[in-house]
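One chain, chain A, appears in both complexes that follow, with chain B as partner in the first and chain C in the second.
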Partner chain A sequence: MNAPAVKSYRGLVAILAATLAFAALPLFQPSPFLESFLYLLFFWIALATSWTILSGFTGYVSFGHGAFYGAGVYATANLGAHAPLWVCLLAGGLIAAVLGGAVGFVVFRVRRLRGELFALLTLALAIVLATIILNTPIDGGPGVSLMGVRLPRIYANPSSTIYLLGALVAMGSLATAWLVQYSSFGRGLFAISDDEDVAEILGVPTLGFKVAALALSSFLAGVAGAVHALFVSYVTVGETFSITVPLFVLLMSVLGGARHWLGPAIGAIFVTTLTNALVGGDWALAARALIGVTLIVATLYLPEGVIGFLAHRFRARAKPALAAAPIVEPAPEVGPKRPIGDVLLQCDDVHLAFRGVRALNGVTLEVREGEILGLVGPNGSGKSTLINVISGFYRPDAGRLVFAGSDVTADAGHRRARRGIARTFQIPRPFNRLSVLDNVVVAGQFGARGLDHGAALAQAQEWLSFVGLDARAQALPKELNLHQRKFLELARALASGARLIMLDEVLAGLTPAEITTAIDMVRKIHASGATIIFVEHNMRAVLALTDRLVVLNQGQIIAQGDPRAVMQDPLVISAYLGDADAHP
Partner chain B sequence: MASGNNLISQPSRRDLLAMALAAGASTTAMGQTSGPPVRVGGTLSLTGPLAATGAIHKIVGDLFVQEANKKQGMLGRPIEWVLLDDQSKPDLARTLYERLITVDKVDLLIGPYATANILSAMSVAQRYNKVLVHSTFGIPKLATYDRHFPGWPIGFSPEDTVSNMALDGILSTGKQVKTFAVVTSKFPSVQFLAVGARDVFKKRGLTENLYLEFEFGARDFGPIAARVREANPDILYMGAIGLEGNQLLEALEKINYTPKNHMYVYPSPGQLAQSPLGKDALSLTIYEDLPPFSDNPEAATFARLYREAATKAGFPFVDPETQAGAGYSSWQILTGAVNATKSLNDDVLTAHLKKNGAETIIGKVRFDGPQNYGDDLMRLKQVQDGKWAIVWPKQVATPGKTIIIK
Partner chain C sequence: MSVTLLGQSILSGIFSGSLYALLGLGLTLSWRYLKIINLAHFAFIFLAAYLTYQLAGPGGLPPLLVIALVAPLFFVMGYAQQAFLEHFKVDEFASIIITFGMTILAETFIQWIWSADFVRLETHFLRGSWELGPFFLPKQEMLMSAAALALCLVTAAFLRFTWIGKALRAGLDNPQIAASFGVPNKKLSLLIAGIAGALAGVGGAFMALLFTLAPSQIYSWFGVVLAAVLLGRVGSATGVFAAGLLIGVSEAITMAVTAPAWAPLAPFTLLILILVFWPERV
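This part shows the complex of A and B:
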């Protein structure tokens, strides 16, 4: 699903209006059943929405939401008789947030703990927490009764008070999700969901964002749990940490649409209403089966949830003609060939090995401000590895990287991006579920320029126009051809405001006509102020574009200097063509 | 300890005559209920993790309503049971009781099954001052509502009285029982009784060889079995839900250990009795289809119908026992109070029940103690010859059966 680039406050206004309406409802003395049923809706809306802030937005599916919810439940269970209600709710949220944040800080550092491993780990967290609570005085085994907890009389009826708390937590969760979705934070989370590595090197502080998302998600779940303890009034470990809680939350979010602030609420309303509507005692099993079948059908036919389905319908209606957009004249001024300046990037004796294979073996080179440095070499020579090291995707085993006078060797990828290093990928890696426009906006917000949303949006439109993709701004990357996807990568790199742009085989796979266009585009990018490292196999383009050439072979630089002179170097010829003596 | 004056007594000739007359009257009145139905609302866990026990209560309720409507129903009107499925969720139970009271506008309430769900229902009943008769509520001290009436009469302090009753029975044999081991699931109501048993056994001079808790849902009983064998107690008390008792026994068999004496609270009764390893196993009950309970014609009829219905429903164990008995007694308590007072008024029903208690198939149930709890009517039963027999107290022991302690 595509997160809209243009922020509309209608959603937030609707949430505020709904909050006021729900808060006023008890004044009209509705049926207590209605309040009770609405409370259940609110409870599931809050839990599902809180889940989606982590799992829907970042793609890190959590089965541990029961743990954070349970932390809130037991906060009220243990504090309810001794502390004011607001303390219980705050404590529930904070305990859950600290727990989530601490777990995230450890877990998110490990790159391999993604996907199902993360889900299993969060499931284990719920089990561990349940075990601790069960085996300590927090519960001890017999459960905790809250029958004696006195509720503040916001309304005459205590059940109305619980209803109101539920409404506030649910609406608060929705408002939080809305604010996250339309903030740069949310855009960063969506980028993480689509391609975390790319998000990092575009400047998104992925570790911090994931930890923050988990802590925020946990906080909301904790508060929801703290209120729910009052509703059920007797809490036990078995029921609190039941696997049904995270499973229902996941189901609701997926059904409604996990990548949209409103999706989980739609799912929660659907599932809760369905399960509450079919409670007749004479056909209980049939009702369960019907619910199961309904959910299976809905999941099959709405793989991106209700919101995703509606978004597709909307997009299909608004989709422009599929003809390739013409390359238009660039918006920024294109000046004469730029002079070569001081050293912008310095690599000193850089080493990197993968399980004993030396990918980089003492690479030392300089890139000067304003130049186009060609980086060539046979397949497996270490070109892409060097790009990965410079962009921060890999950390070198030894050696030093200095960019614009600062040692960046230990910097994470997002820090390097903010210093002004950007790259493209040999095989384009756009954020597939963000629009073309949003792909570029992310780069503007998190890259070297660090623009606010409005400025990033305006600039993104300019860069899309520059690369000729302005007509496809609202398309999804999958709707672009390879040529256009490569140009999207260029637009993203440009939008980041990078001083150094590394183009990794940007011409690969293009037709001769497209190559000509692309070469022209690189010239224009260079003219717009960027220093370029140009990794390429196409020697026509290399010789046409580069000021200087570096040749890598087996992780070592074997030649560097004037491109035409270097290409005549016997070592280079040997590296490309092989040794004549050895291969008669 | 249970007091004998509340235990089931053998019906006198006069009682039997009265029953026969009543039966005759009922036959005459069969199908004679008229007028709008009295609507009794309640939930059961018909789906979800508690569904297996919920199914027992549904059969019991259906049978009771069916049979009652053949007689005088409530106030001569048919009973309509408005049953909803709480899906084993306390929060849903709470919402559904709100619905039953405010939307379905039922006349009376009958409680769900299981402690947490009953507490949820109780909080709703309390707000509307409705009488709530319920079954198998495991931790009496949590039930603080003035108008709740338990159909499972285990007394206000079962952790004390049940354990003392059981130990009375064990020690009555004169055998040397000096050491004990308690192994218990952390399922709330089970652990609650196990902790009580531990205290009582200690207070009465037994030496604790082992106290071990395990989490509800445990599957690997090997390590626990090893600890039990090492402890080698004279009596093994196991707080066990469902098949946990069988699982421990199987683990003990694998290490060639047979407990000298063993007691289980609350096992799957059929599986334990039918297993060769369950020989001489002790457990608790408030009702079995055995004399003296089965001397009551209503109980005998109920047991026959229950067995038929359970067989038809494919239950693995078709004999009625504690759950079925408690469910039936709940209906009897409610219906008896309505017909005795000729009222559906909750104030009237409350006053009547507190003052008079109720006659049920499990005996006379009183509600005049703390928090509406009366006597503890728990009994000790034992697997003998592959079947359960009530073995203690003597007054209710199955004829010809005495407790076997090694």
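This part shows the complex of A and C:
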């Protein structure tokens, strides 16, 4: 483990210490008011933290958190009289997790389910669930009393026991959020929230991660609900599924900072303290108004919440120290260079149509290990579509793709990345809220190399110095210019350890001087052992770099072979310049 | 179940569905054309409802006059809100949170002025029902439904046929290019926000006419109206009316054949199915 990872264990130690302190508090006989206030604090911390594991980290805002929490509430309400408490809590969590996982599995399969649709879908789900519970024996209408529940005697006073359970659930949620945030799982979730398609192409199993995050988030909410049923002791559908629960959770997380494990807790403490400090008549009204104002002001001026604001200030101060860190030797070894000849990628009669427009019409193509294959053609000829098909972004209507001897036609994007296919984007698509370094770390962790965090970090630094971005490692991508962002794309593709790298118009938009360095860079990448598909309009670069040239026009290959010979082909000339007879 | 009961249920479904459409119309416009998911639309509706209650009840003004006063007032409110949101360049996601904050503020304001208790507008305006064979057609509901249908049709025609409607759609496709052809994007968005506000005002006036009011009820309309907006395809004025009717009638039939408490099941199950299996629809 390297230094930063060790340093951040502090958070976990602090959670543990807080857990012990809170657990011991009833021994000092605090006032019932303090105990119940702290319990409410724990309840909202647990709920807001659980929400953020899905919604804060991935950016998929759930308004259905009430449903998962409600599942837990009604688990205790129905099982409490018949089963020991730990069974109720576990059941509450598991029912919520299964519900969340099932919902996630169905809705996240919908391609490009936009964030706001997910939000409304979860809202609708909560309403449907509430209606079912209300009208079936699970509730039946009048509500359920929890008088018959057998509480374990951890502390003599039942309310102290409930307090303790609340503290454990809250601290457990915080610890879970911490573990997620600093794991590769969390890094994948953050990548999803910035650019889901790119995350998938870099090897993040986006569907699995989203479903897992939703299930985990639901589990914690379910357990929190199962405990909360004990606290309220009489549960009704109206209270449990009230829209204010998910809205308050959202409010707390946004206020505190939804992209950090500690953010929601800060928001929860602020809002809960405010609503509990100002009670009764006009004071309660004032507290509510203050919440409204805070919500508006915080969204406008603290878009990343309190914790985001603090982190920025902290990072601004820490920057010089990080920049001074020594950068080790450039150009790590990619692998032994193989002779040109073995087929690495085979595209077999690939067809793809968009609403009747034939983007690819029977493309058959071989890419051999170690070569630089040029792919050219007029705009709209299908070059980018072909790259998207090879990287797994589009699934072909017909045809077969074989990579390194295995059929990958049915593989999702992240599986192809694991096998060693990488690409860059013509218009760079970095993860905008991850640092330049973290952008490259994601590729190293999830790509063909599948490195652990420490190794990925070390290698990412090397790749950044390879492309000359080592000084900008801690910058955010938006602070880079176009040239640098294109090189960041290269560093990501390299860090993934891909055997096949597809470069989509890396030179477009660069100045002549920058083009020269970029061409050099492509040569270096090639020299390190990668096979390259080079899509470009700049013919000087194509002729300078490629071993073989393929020309696409209207979704079909019209010529291939030696670059210079292909460019003399009359078919190619007419595809580029138009048919002389058609436009006299 | 008798045919008469079923027919009366469907009628009441049409009435409630028209109200969903009336409340959703402004929302669907601002969502599509301003990229603002304006939860404060519900706050405007309730502010207008309480204002109508105050002016037409204790104030004694005729309800139609109150509608004529409330609509321009809320045009200004919508306009001002949009000017504020544009000043801060609020995006779609942030708009949900900010307008939710505004809704909380409006709720506390209402509670401060009119208390948290229920209030009911007592008026003799259009009391009672017409009778059509075995069916009862309550006059106030009939007027509201007619207004909802008329406003949806006029809005749809306005967007489709006028220069302003075409400019709006051009601005949506590509604001920079539209601007270079002389489309005043900013003025148009303020206009749309004003119209959405005025529609909230009209919706609120009918809400006061038909319902008992309490500040906490602002939130209870979120789900069903958003469902109508989405089902009707965001931005479509005729769509929100059709979707409102579909939801209202499916609710009413569910209630008639089972129990009133089952009412939300049909529309929200429908919404979930559409979102999952037909996401490009919305």
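What we mean here is this: the second predicted complex is superposed on the first by the 548 of 584 C-alpha atoms of A that agree within 3 Å, B and C clash if a C-alpha of one lies under 4 Å from a C-alpha of the other, contacts with A are read in each partner's own complex, and residues count from 1 in each chain.
Keep this in mind: contacts are C-beta pairs under 8 Å (C-beta built on N, C-alpha and C of every residue); 3 or more make two chains touch, one makes a residue touch a chain.
These numbers were taken from a predicted model, which means no experiment stands behind them.
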Practice problem: Check chain A with both chain B and chain C modelled on it and let me know: fit or clash. | Solution: clash
Quiz item: A:E239 contacts which: chain B (first), chain C (second), both, neither?
Solution: first
Quiz item: Now for A:S36: first (chain B), second (chain C), both, or neither, which partner does it touch?
Solution: first
Quiz item: Touch check for A:L134: first (chain B), second (chain C), both, or neither?
Solution: both
Quiz item: Looking at the overlay, does A:V110 come into contact with chain B only (first), chain C only (second), both, or neither?
Solution: second
Self-check item: Partner chain in contact with A:L120 - chain B first, chain C second, else both or neither
Solution: second
Quiz item: Which of the two partners, first being chain B and second being chain C, lies in contact with A:A277: first, second, both, or neither?
Solution: neither
Quiz item: Where does A:G143 make contact in the superposed view: on chain B (first), on chain C (second), on both, or on neither?
Solution: first
Practice problem: Considering only touches as defined above, state whether A:G292 meets chain B (first), chain C (second), both or neither. | Solution: second
Quiz prompt | Partner chain in contact with A:S159 - chain B first, chain C second, else both or neither | solution = first
Quiz item: chain B has the stretches 60-68, 78-86 or 222-230; which one runs into chain C?
Solution: 222-230
Exercise. Kindly list the residues of chain A that each of chain B and chain C touches, one partner per complex.
Key: 131, 134-135, 141, 282, 285, 288
Self-check item: Interfacial residue positions of chain C with respect to chain A in the complex
Solution: 37, 88, 90, 92-94, 96-98, 100-105, 107-109, 111-112, 219-220, 222-223, 226-227, 230, 258-259, 261-265, 268-269, 271-272, 275-276, 279, 282
Self-check item: Residues on chain A engaged by chain C in the complex (per definition of touch)
Solution: 61, 106-107, 110-117, 119-121, 123-125, 127-128, 130-132, 134-135, 141, 242-244, 247, 250-251, 254, 282, 285-286, 288-289, 291-296, 299-300, 303
Quiz item: Tell me, which parts of chain A touch chain B in their complex?
Solution: 31-33, 35-37, 39-40, 43, 131, 134-135, 141-143, 145, 147, 157-159, 228, 231-234, 236-239, 275-276, 279-282, 284-285, 287-288
Quiz item: chain A touches which residues of chain B in the complex?
Solution: 43-44, 46-47, 58, 81-87, 89-92, 94-96, 98-99, 101-103, 115-116, 119-120, 123, 127, 139, 142, 144, 186-189, 191-192, 195, 213, 215-217
